[in-house]
Amino acid sequence: MMRSIYSYLILTLAILFTSFNVAFSQEAVDSLAVQQGKEIFKTNCVSCHSIGKNALIGPGLEGVANKRKKEWLKKWINSSSDFIASGDPDAIAIYEEWNKVAMTSFYFEDEDFEALYAYLKNPPIQEDIVSADLTLAEDQGVRTSTKLMFIALFLLMLVYLLTSLKNKLKESLGQETETIPDTLLSQFNLFVSENRNVVFASFACLIVVLKFSFDTMIGVGVYSQYQPEQPIAFSHKVHAGENGVDCNYCHSSARKSKHSGIPSANVCMNCHTYINEGKITGTTEIAKIYDAVGFDPNTRSYIEGYEQKPIKWVRIHNLPDLSYFNHSQHVVAGKIECQTCHGPIEEMDVVYQHAELTMGWCVDCHRTTEVAMEGNEYYTELHDQLKEKYKGEKITVDKIGGIECAKCHY
Amino acid sequence: MHKESEIRDPLILGNKTYHDITRDIARPVEGKANKYWWILFGLSLVLFLWGIGCIAYTIGTGIGVWGLNKTVNWAWDITNFVWWIGIGHAGTLISAVLLLFRQKWRMGINRSAEAMTIFGVVQAGLFPLIHMGRPWLAYWVFPIPNAFGSLWQNFNSPLLWDVFAISTYLTVSTVFWYIGLIPDFAMIRDRMSKTISPMKKKLYTLLAFGWSGRAKHWQRFEEVSLVLAGLATPLVFSVHSIVSMDFATSVIPGWHTTIFPPYFVLGALFSGFAMVETLLIIMRKVVNMEAYITIKHIEYMNIIILFTGSMVGTAYITELFMAWYSGVEFEQYAFLNRATGPYWWAYVSMMSCNVIIPQLYWFKKIRTSFIATFILSIFVNIGMWFERFVIIVTSLHRDFLPSAWTMFSPTFVDIGIFLGTIGFFFVLFLLYSRTFPVVAQAELKTILKSSGSEYKTRNHE
Amino acid sequence: MNKKILYAIFDDEEILLESVKELRSKEIEIQEVYSPFPIHGLDHALGFKETRMAITAFIYGCLGLTFGGLLLYYIMISGIGKSWPMNIGGKPNFTFYQNIPSFVPILFECTVLFAGHLMSLTYLFRNKLYPGASTKSPDPRTTDDKFLMELVVQGSDLEVKQLLKSTGASEINEKEIEDE
Amino acid sequence: MKTTKKYWKGLAQLNNEPIVDTLGQNEFIEELPVDKFLGDQENLSVTNSSRRDFLKFLGFTTAAATLAACETPVVKSIPYLVKPDEIIPGVANYYASTIYDGRDYASVLVKTREGRPIKIENNGTYSNSRVQASVLSLYDSARLKSPLKDNKEIDWKTVDSEIKEKLSLIKDGKIVLLTSTILSPSTNEIINEFSAQYSNVEHIMIDSTPYDGILDANMDSFGVRLAPSYSFDKANVIVSFGADFLANWMANDYATDYVNGRNPKSGKMSKHYQLETNMSLTGANADKRIQIKPSEQGYLISSLLDAVNGKSYDKRLSNIVKSLEANPSKSIIVSNSNDKNVQLLVNAINHKLGNYNNTISIIRPSNLKQGNTEKLDNLINNMQEGNIEALITYNVNPSYSLSRAKEFNTALKNVNLKVSTSLYNDETACLMDYVCPDHHNLESWGDANPKYGIYSLMQPTISPLFNTRQFQDSLLSWIGKSDYHAYLKNYWSRKGIDWNQSLHDGYFSLDEKLIKVKRFIDQSVLVKNQKSDALELEIYETVALGDGSQSNNPWLQELPDPITRACWDNYLTISASTAKELGLSNWTVSNGALNGSIVDVTAGNKVVKNVPVMITPGQAHSTVGMAVGYGRTRAGKAGNNVGFNAYPFLDAKKVVITKVDGEYEFASIQLHHTMMGRDIVKETSLTDYIKDPSSGNHRETYATYKGKLPSDQVSLYEEHDLSTGHFWNLSIDLTSCIGCGECVISCQAENNIPVVGKQEVRKSRDMHWMRIDRYFSSDMTKELSKEEKKSAIDMYSEMEVPSENPEVVFQPVMCMHCNHAPCETVCPVAATTHSNEGLNQMTYNRCIGTRYCANNCPYKVRRFNWFQYSENEKFDFHMNDDLGKMVLNPDVVVRSRGVIEKCSMCIQKIQELKLNAKKSGKPIKDVDAQTACASSCSTNALVFGDSNNKDSEVWRLRNDERAYDLLDHLNVKPSVFYQTKIRNKS
């Protein structure tokens, strides 16, 4: 209750002193309620509503809290269909407006609703997103190759210049000139004739070969930047980035399981039952989902007895079988952002492998990342002991055995 | 000019001049091989190929094709490994230790002994590789920076010590050998006529590194040989000590024994010299080196064998005593089991071949007979193989918990691989005897005047 | 003014040695001596300095020892950077000295490895010996049974030749080299 | 997440479009198991990826096609189209259910991953190795894949119509339902309805090993044909005449009670006498074991009755009588005799001793054995006379398991309608007209009433793998009904049971009115001593295979027998002395493998040829034993032609054996039977223990400057810190361990341990991570040899020979997780290292396979992958079978060729445990910490936990006086430790 009063206060104040508006709402954003609300919104609403103006399946909810009364919202959310039945004009209006589809029901407990409401009242100023500099990574690939090309070109030109110069001189001396191949050949013979040269040349080659093989050995199993074609041109940029759908909405098992889980088609259908036109690709790509599950967009219904076709997504992050990785461990227990390993997913139209996914990469992170012990009862006793043991040092994952073999290999 | 008392028997027979030596040593390289050579070569080649087949089969199918089991995880593989390493010891010892002790008789045999060392170690090196479950990952035993974050080796492991010891030993003794070879290659190079065999000429020119025998070079040459000898000597001892630690540092009764390092080193010399004899007695016939590898050399070696043999015997007795004296029932049973358990026959053959038979060398007649020596040396080789077998298998097959006790018997693959390495060894050695100066002629020439029979008689008058 | 190179060939190392001493006593400078095998006392006779091969070996040895030490410390003990000390069989790998018993073998091997190889390389390097180098010996027989003394004489070489003959040179060849 | 928040499944749901519901509710949708597997080739090619993450197979199939050695393999991932709510890929679900195959009963928890059962956990009660292994039988590709008619595939519709028609046509002839003992009340009701529908239906129950003796005796004594329930925990004295109640006799829950009744800490430990012929598991655990010939049993029992009645008796019984008198109405007398008169004597004794309603209860009977051999015999006779029109079999395999199988098979020809509901096209089914294959337990609905008042429910944990239908549904459809699930549901709701709750728990209890029994009437007739010198036979069931219904289960086939330690075989057990007289012997060949003589066994007109002879200490003189359950001919590739069929000899008493030439090759994993006077299993007697709890737990001490110290306090090392965080320890109580081998199977299931087959086992290359060592006592001891001034050589050679009637000890041995591990220090590449939680970690993918660690392991618990055991037709067991592979645990890698493996202390379970704790932000509860072996142990002999947690059970045990380290003088500081064995003898 306190919270709601608080938010009411803000409202009135906001109306009275617009000049302070920003400052206060800012403060509100920081308030716990709003944070909770945000969570609830993410997990329940984002799939149909944006917090901004743009309409998805349902209307954009900007300023809805000011437009509608709180009780009204509560009724609507708890069971819109009943509410409509009760004959509330606004409700019916919306029902009509949104092609006779009532909103699905959510039975929130009071405090949750309060939180949600608080959030709706104080929409975020802008979503800040983690972004990693991937252009750099790409550049390197380019740079090295171009470098080599330039060098090669330069050398060729040099050869050409020298030979032509030589020919000029020879002409002036009245000797017969020689073509570039001749020169190269003669030079080569000259070079080979001297044993010493051969020896050193072979040494040089040896070193090059060794270096190369060493690099390849290091590089085995490193597939970063791997960016395969997907059967459906699904854009994370559109979904996660622009529409701000929470990763956890589709990859729900990431918080429960070792697998982040490729969302099953019915998850797609949650929204795409009604959205059948995409920003970039129009209807073509979304049609593929319908094709898979057997959904008729015109009648908006599943086709009875349809022989469903599985969607064969191409797996991008392939960790070798011999190592055990658990998403929930990192996301829930470790409180790691998805982007830490997967890079700026919300900026990718086509997803590529951001990290190396080598053991070195894992271990380095474990050596530097601090364990999220605060407020986790499991750690309380251990934490004290460790504080004893490593006085003052920050307790990284490796200090609780995070780089031991059998933590991942069994 | 260093003179030598005439009581000492000559080490170079017949009336040889420097040129004769040159000619004799170069002959095998220049001339055609005689039929003995071809027979032996063909034989060993067959064995070699058979061995390769068995190895391929093992790597293709799995170590399961050997006779090993959950209790006896090492048997013939490591037995052969230690056996070959042991053989690989005499060479360096002869060239290094005897050099330090200024033993002239080494001149005649050191080249071949060293060759044997290197070829022996090559065979030995095979086994740690192929006995692995996943030999294609063998490079993991070297500290190479890697993408595993990065993951290194365990330097507490005797096996890793082996890796370092053996690779060092192999390379250093090869270098030692080659340094000595350079002048002799030069000799052959200079005898080769461009017209007759240009390829050969080119080859030996490469091998000779452009040696020209300048005074300063000879001065450095002698110092380097001396220092290398100084390095090689402790190396020899270290290598087999470390090999012995594979067992000595473990907990298995019959392995966990502090006497192992000296005992293994002596055993190695013992078997090494035996193998040198086996080889030289064949070689002096095959490439007619009778004048340079004399019965005197053989006798000297026999004396060493007699000595080391007795030492090894002492070690066996000591082990038994310690087992009894320790009062540890596991130790006691381990040794009781060796002598009276299911593998008693291995123990008996070890004892008789290594301890009793060499005692025959107390008789000069046997000591100075090529035939007897040849036969006895074979016996010693067999005996030493059994020693390793006894140590490895009989210790493993009954250790702490009787519930895990079992036994081992080899499959045809085990045997095939062993024979294969013998074949490989002889292939290498025979090729060597046809292409390399088998006697260090440069060094030999230095003792011609002091130990050549003709000169000795002349000095006598 | 013209220079000559004399190649005096001897059949026996002892005679050569005598003749070297003789010539040196007459302050005739000997360019080089080629022999099929090392001759004792020749280096003194020619007044060579002691070679420093042994010293290099020692230095390389120390190098090897330190390398081994650092390697082991880095991998088994330090935990610096990418090194990864683990609990292996409860062995006390907290400090170097606690773990040293199991390091001794490898330390030793490293020492020998470095000393042996680097010295040999130095030896080859100093002697300019490398695969494919061509011989500098003026007479191929010097690797067989002939001993060759190389001298440079200015002007008349008669007495030198006399001397060589008298000290037992079996044959003497000469080569003109004109210089400007 | 608040429970009130529900995920939202599309607007369609709101408009209640049926399809969504069907999609949503459909528990086991298309993607689940084999439709994919057997369905399309593409997935078959997939299954060679090494870590069998189920996702990769099924709901989330991956097709890996490696383009080039160093190229990224393109991996296709197929998510569920419609993901069932309760299945979260990568998270295990547990369902409470029941296992009952007509022989073994257990209430269990089934662990499933992505809708695929992978492990059986016992539901807070007991189970045994066969129950543990039944999950593999589910994925047996030898199972019938559709109904058969005359061994040709056919669809259910026609089967039903034809059968129905034929049944309805039957007028006067009999219809017989031949089933195993039925525990399910609902099934009984269905059968009743069935009998009501059709004319003169008879329902005959049989047990593979008949228990008519007991049942009939109780009929006479109490007027009810029921088996009593025994409370071995309440008894102070247990006298068993050949009853192997710890393994196979009657119900299999006695082990738990037995061990509860033998707790030395409380000082209350039952005294257990075993008078038997074969060395049984029970005999091996007895405090006093007396060898008798089968023919003596009756006499001895009547003599005991005499004794109880104060008459004179056989002196062999004197101790027994004393302790019986000392413990009035606190004893149990049991006998394995199938002779009614003998059982009447037993009843008389128990009644005289006042055991009824104290330790034995007839008013709360056990329902596990209700077979009736008399009816069976009648049936066969009737069949011969052609009075039987229709025969429907369920859960039985009479053509194989009857002593009169031959007659049965011939008589079968006279039956017009023959229907089998077997899972396999087995010996019986192949003779039937119709086979209507039943579901496997794990695919079925059901209920069971194993014991008075106790009920448990069975629910499917996977959609049927094949086109099968469970027996009950078949019966229903033949009486024109359907849907057993619904039937069952309302059967119980009618009885007022909260269906969902009890389904969730898996069991519930009803208090019904007690069984009415007559007052006890003693009808016992004393039996004379018919002891003969002839060679007598006693048939037994092995601990591994039981009655052989699961003999196509490679896990069970490779589970070594606790006593003989041999697997993949049955054989003639015989005592050393008898063997000597008959010129028979066992010997080891050059690679240590065991060989034995071969004999022909003849009893009356029955003969088995070429039976191998296994010399077994403890076998009574001039007797032999044979195990049933082997010699199957139509079981499947693993079970066919393993051993010989001993069922024909079920009621043979005397046999004649004649030696034949040749030798037989056994696969025995323990070739050496005695402890050689070593202090491996530390043992003491109850009386000594009560005097001094640490008795028998003597520790080597070493002289140091601090005085004499035990090894673990003498160390040159500065210790690594194990006190922070967890320190996982496992305690093994040798007093509670009865050696049943359940943990071995549990471990095998949990850790994807391969089956290697007879030839490899014979080469001592068994792969089990844990083994249960069995040691016999020997007549020769160190003390004795001192007295007799024997030489060490003689002493040891005599020690190798077990006594004629030895004392037996069992010792489970797995990786000891030494904190000063010899194996770790010798690995060149640090593939095995130590964790800060006291675990010895084996990193398969780092291993290069030098096997040095295995050599240097004093316990010899490390196992090497000599070959590629998966995906290799040379090892054609479940790992080379697309269906069989579904049992693999996705959290554990399948090891490749050339690496060492060993017990990991179920690291995957530990990690999961910690992770869940971290995620929920709660400290770990001691009870949750479990390894596969510990959780499966029915006698709670293995206790796992965190020793740094001062209020954990394992910490208490660590500090118990009985705790000791195996081979403590080596000072390897194991994390696994033992509790001394205590026998109740003075």
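Read from first to last, the chains carry the letters A, B, C and D; within each, the first residue is number 1.
Heads up, the rule we're going with is that a contact is a pair of C-beta atoms (placed from the backbone, for glycine too) under 8 Å apart; a residue touches a chain by one contact, two chains touch by 3 or more.
Keep in mind the model is a prediction, meaning the values are calculated, not measured.
Engineer: Please tell me whether A-B or C-D has the greater number of C-beta pairs in contact.
Structural biologist: C-D
Engineer: In terms of CA centres, which chain lies closest to the overall middle?
Structural biologist: Nearest to the common C-alpha centre lies chain D.
Engineer: Can you give the whole-Å distance between the Cα centres of chain A and chain B?
Structural biologist: Here chain A and chain B have centroids separated by 63 Å.
Engineer: Just the number, please: Cα centre separation of chain C and chain D in whole Å.
Structural biologist: Taking the mean C-alpha position of each chain, the two centres sit 78 Å apart.
Engineer: Determine the centre-to-centre distance between chain B and chain C, using the mean Cα coordinates as centres, and give it in whole Å.
Structural biologist: Inter-chain centre distance comes to 28 Å.
Engineer: What whole-Å value do you get for the distance between chain B and chain D if each is reduced to the mean of its CA atoms?
Structural biologist: About 57 Å, centre to centre.
Engineer: Listing for chain C: what residues touch at least two other chains?
Structural biologist: Expected reply: 82, 84, 86, 88-89, 91, 130-134.
Engineer: Going by the touch rule set out above, which residues of chain A reach two or more other chains?
Structural biologist: Within chain A, residues 219-220, 360, 403-404 contact more than one other chain.
Engineer: Do you know which chain D residues sit against two or more other chains?
Structural biologist: Residue numbers touching two or more other chains: 822, 824-825, 827, 830, 833, 835-836, 846.
Engineer: With touch defined as at the start, can you tell me which chain D residues reach chain C in the complex?
Structural biologist: Per the stated touch rule, the residues are 717-720, 818-825, 827, 830, 833-836, 973.
Engineer: Quick check: in the complex, which residue numbers of chain A touch chain B?
Structural biologist: Within the complex, chain A touches chain B at residues 214, 217-222, 358-364, 403.
Engineer: With touch defined as at the start, can you tell me which chain D residues reach chain A in the complex?
Structural biologist: 2, 4-15, 17, 19-20, 23, 30-31, 49-51, 53, 55, 60-63, 70, 72-83, 88-91, 721, 723-725, 831, 833, 835-837, 839, 841-846, 891-893, 904, 907-908, 911, 914-915, 917-924
Engineer: Which bits of chain C are touching chain D when the two form their complex?
Structural biologist: The contact residues of chain C facing chain D are 86-92, 94, 98.
Engineer: With touch defined as at the start, can you tell me which chain B residues reach chain D in the complex?
Structural biologist: Per the stated touch rule, the residues are 61-64, 67-71, 73-74, 128, 131-135, 137-138, 140-141, 151-154, 156-160, 163, 246, 249-252, 329-330, 332-333, 336-337, 340, 396-409.
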